[in-house]
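Here the structure is laid out as structure tokens; the discussion comes afterwards.
A, B and C are the chain letters, set down in written order, and residue numbers restart from 1 in every chain.
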Amino acid sequence: MSDNEALQNELNKHEYAAGFVTDIEQETLAPGLDVSVIRHISNIKREPEWLLNWRLQAFEHWQTMIEPHWPKVDYPAIDYQAISYYSAPKDNSDGPKTLADVDPELLRTYEKLGIPLREQEMLAGVKEIAVDAVFDSVSVATTFKSKLKKAGVIFCPFSEAVQEYPELIQQYLGTVVPASDNFYAALNAAVFTDGSFVFIPKGVRCPMELSTYFRINAANTGQFERTLIIAEEGATVSYLEGCTAPMRDENQLHAAVVELIALDDAYIKYSTVQNWYPGDENGVGGIYNFVTKRGECRGKRARISWTQVETGSAITWKYPSCVLLGDESVGEFYSVAVTSHCQQADTGTKMIHIGKNTRSTIISKGISAGRSQQSYRGLVRIEAQAEGARNHSQCDSLLLGDRCGAHTFPYIEVKNPTAILEHEASTSRIGEDQLFYCQQRGLSEEDATSTIVNGFCKDVFDVLPMEFAVEANRLMELSLEGAVG
Amino acid sequence: MVDTMQTWRDAAMATFRAVGLPHDRQEAWKYTDVSAIHQRMGADWRKENAPAAAPFLPEFYPKIDGLDAYTIIFFQGRIHVLGLALPAGVDLVPWSTMDQTTACEDLPKVQPDAPLFHAFDALNAGLMDDGVCLRVAAGVLLDKPLYILHLHDDTAHSHVRHRVHLGESSKASIIHHDVALTGEHARLRTSHYHCYLETASTLDHTRVQEFAANDWHFGRLHVEQQQASHFDAHAAELGGEKIRMDICVQLQQASAYCAVHGLFLLHDAQHVDHHIHINHYAPDCSSRQVYRSVLADHSHGVFNGKVHVHRHASGTDAEQHSDNLLLSKNAEIDTKPELEIDHDNVTCSHGATVGQLNADHLFYLRSRGLSEAMSRDILVFAFADALLAVLPDRHIRRYIESIAFNKIPHGTDLLGLLAK
Amino acid sequence: MLKIENLCASVAGKKILRGVNLHVKAGEVHAIMGPNGAGKSTLSNVLAGRDAYTVTTGTVLFHGQDLLAMKPEERAWAGVFLAFQYPVEIPGVNNTYLLKAALNAKRKHQGLSQLDAFDFLKMVKEKAKLVDMDESFLSRSVNEGFSGGEKKRNEIFQMAVLEPTLALLDETDSGLDIDALRVVAGGVNQFRSADRAIVMITHYQRLLDYIVPDVVHVFSDGRILKSGDRHLAMELEKRGYDWVKEEATHG
């Protein structure tokens, strides 16, 4: 290996800071998927009969389904029998504990990732964030639970919610994304292991940001978590999701389901910074991220907002959606997706207008670099009964380099004559005159590019929660490093 | 070994059977359901037609005031009136008058690998009634448009297959006009154009469609363009029950330009679906797709326009516009302007709108004393007319306008108001 | 400060500059005048380092350094500023942000600390007053939706903030009405000092009434045909350019 190559390798490694492995004793199920695995998971979680049956039904249905291949992504067949469906740090299988009981090695892991788990260590002046830390198949810690409880907010691991609030789970689980919704949602329903549960009761404004941090650690395991967020009448919550995984040469599957339910006048803001390991510069390794995220505005004037910055995962297949049932409800989707090297992303949103005077906004900014392929796929549907619906969509793509691809597939279906809808999209590269202008003003080519890319993404960055904006910027810079020139 | 026409047809029908009818689980047929074809078209729609009966009387022919063109007439897909004195260098021969060997060589091939290919194109080849082979020699400029009138009635299905070849720096303008008398029987119509544009040639292709209220139509326009050639397509979809057009433009050499325009004026339960696929293979080509639809009653419009910029197509400039007005609670529009881009040096954009009329405009007209209903009609008309204004032939424009007016409640009042 | 010797440059194989010689000393203001298509804008673009232009021969020394060997941003750090004839719009990029990033990049290059956000904003607001620019322009995207005159004003404002030592003003007066011209010229005059130089390219003598030059050059067919003091500009205004060309060919 020449010095140059060694240096390049070193640089490539530095690009993904979250790529380390935590050395910890884990209990991991042998690879394979059958009814006994599902029973085993359900048993570990001490689940009620109905939930086990729900899983088994989902599994039965999943076996009749075909893996979808309509997204514009390309990957070798996944062997679902070669994946382990449960892996947890030892001693954590007995359910939640206090922070003092958490393995110090795990605490160090989250420290390294910059996730604050020790409540008392939050710096004065910094806004408090409650964190649910999900490590492979289980939640290992949830902070600020008692403080939140005082406000009436439930924020806990999904498995804990099944024990503590079974009636809420039974009422809402699978009502937005049914177990039979699609191939990966069905798989998730059969084998999901943990996730976060959030319940904001009527009239409550959640006193702090809630966040879940997903970490895949064990090799050859899939992560299948489920998040359920319910905001009752007039409730408000801002929720953040982060995710990382070690660097490995094998691909790992992540098939999550997120369900959001907003009742009258409720507001759920769901923000994601997706930083799964994207694979190396030759497309080796990385996470397959096949995720179903959907929110229902069930009440009048309910509002659901998806905000996401995505730099990670080898393959992304994800369409956070809003079903606007309530009159005057609002759906929003703000997304920045960056792909480089050999990443593939087929992502977008769906806005289904059913209630009267519903409104939706889509702003999607895609940046493709290297040899990556990125597609925006979106659906705006105005049903016949959706009087007075409004939609505005803006989907822009920026190409960096001549070996990448950027594709746009917007579906617009309108069945009501009072609808007003505008969709605009553009695809281009950075203008030479823009680059030159910035360089003339003294920015290096790389700084100029990142400045222009930032400007390109401004509409989305403006709506990111403060806590995420800095992180998002840093990630963007990292993932575009070396993409210029 | 030279193919005879029958083996040519048999091969096409074999392809038709092998491909199978499109179904709604195919992406390109998501919004257009043809499963009722057997029920609607009767048992014989896959069979060759018997020789055509005598055509209907000339008083039912469409009258396009002022049109000065070389006219040829087809009836039920077969050449009926030819007898043209075309300028030197312009060669127009119906397949039915050629010897079989030549016809088999020159007929547009069935290309299962071509974008947007489907079974009905193979069916068109297999059951073809007739069509023409038009060749314009290098440097020849056709002085008047070629007006190809296709007359149909409900006695038979009809299938036409045309070929157009423009030599270097030549120029031609084609007006394809379908008129069908509505009768008791629903009929299947298919059409195919294969156009080849040599370097720096120019082709205008205008298609005015007035099929019978119960006709189905599957049409295909396949265009291959060489360097700096210029292609303009216009379509006015006025009649028919279920209409599907597939337009494929291959920009094979540098600096070619194409523009595909479409206007849907639909009512009752009409269904019109245009799929467009423009491939940019070479540098510095431009393409435009400009579509507008006005949908009344239970009508359903579908626009699916794709621009695919391939690896070597630097300097591509592509635009797509789809603007739509729904006039009724039961009308539906599905629009999907797609971009697939594999080169970074491009300027591509698309826009789609579905919406009501501009409130400021409406107010302005009403403040001048027009009723609200009439003001709306004027604005609807103005919306549609933006596409008619770019038609190359003004007589055709006036003709379509008069039909369009008849579809609007205050149409006759409007005619007086807007006539120029 | 600036020494241009026998500079020849071409764009897309077409020769535009055919041996330009120009010496500019600190404190001086030079006006370059000449007919359309003479290569005046090419000269300013070549000096600023635009890619599309190929320098075939000649040298350009700026404070003794080889300007042509430097990247555009390095030239900016060194103190070269080009007020563009057609400033581009950059959607989403905040005007003030661009300036701050530009200024800090230059300071970093000079080994200075980054400017404090508060101080920077204070300075920017003062400079905005110089060119009578509304503060609302500071928070808008670069030139996006600006009128022609606003764009030009923004250019001079940027110059005032970045404080270059050599300002190249490429037809900064074109598209300005008389009031705007006065404001812009006022900004330029305030910028004048013993350690700075200005090279302005213009069609019109009008600008020179407001910004009085030390030297006037007649630029035609890719080179300087004649130089003189400001009276030369007045003579050009009266007699046009043709006599200069004739003088150059016959004399």
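Just a few scattered comments:
By definition in this document, a contact is a pair of C-beta atoms (placed from the backbone, for glycine too) under 8 Å apart; a residue touches a chain by one contact, two chains touch by 3 or more.
Predicted model only: the values in this text are computed from it and were never measured.
Hopping across touching chains, the smallest step count from chain A to chain B is 1.
By C-beta pair count, the most extensively touching chains are A-B. Note on chain placement: the centre of chain A and the centre of chain B lie 44 Å apart, centres being C-alpha means. Once the centre of each chain is set as its mean CA position, chain B and chain C turn out to be 55 Å apart.
Inter-chain centre distance (chain A to chain C, centres taken as mean C-alpha positions): 49 Å.
In the complex of the two chains, the chain B residues touching chain A come out as 27, 311, 314, 324, 326-356.
Chain A contributes residues 70, 382, 384, 397, 399-402, 404-429 to its touches with chain B in the complex. Against chain C, the residues of chain A that register as touching in their complex are 431-434, 436-445, 447-448, 451-452, 454-459. Every residue of chain C that touches chain A in the complex is listed here, in rising order: 48-51, 71-73, 75-77, 82, 84, 87-88, 90-94, 97-99, 101-103, 105-106, 109, 141-142, 158, 162.
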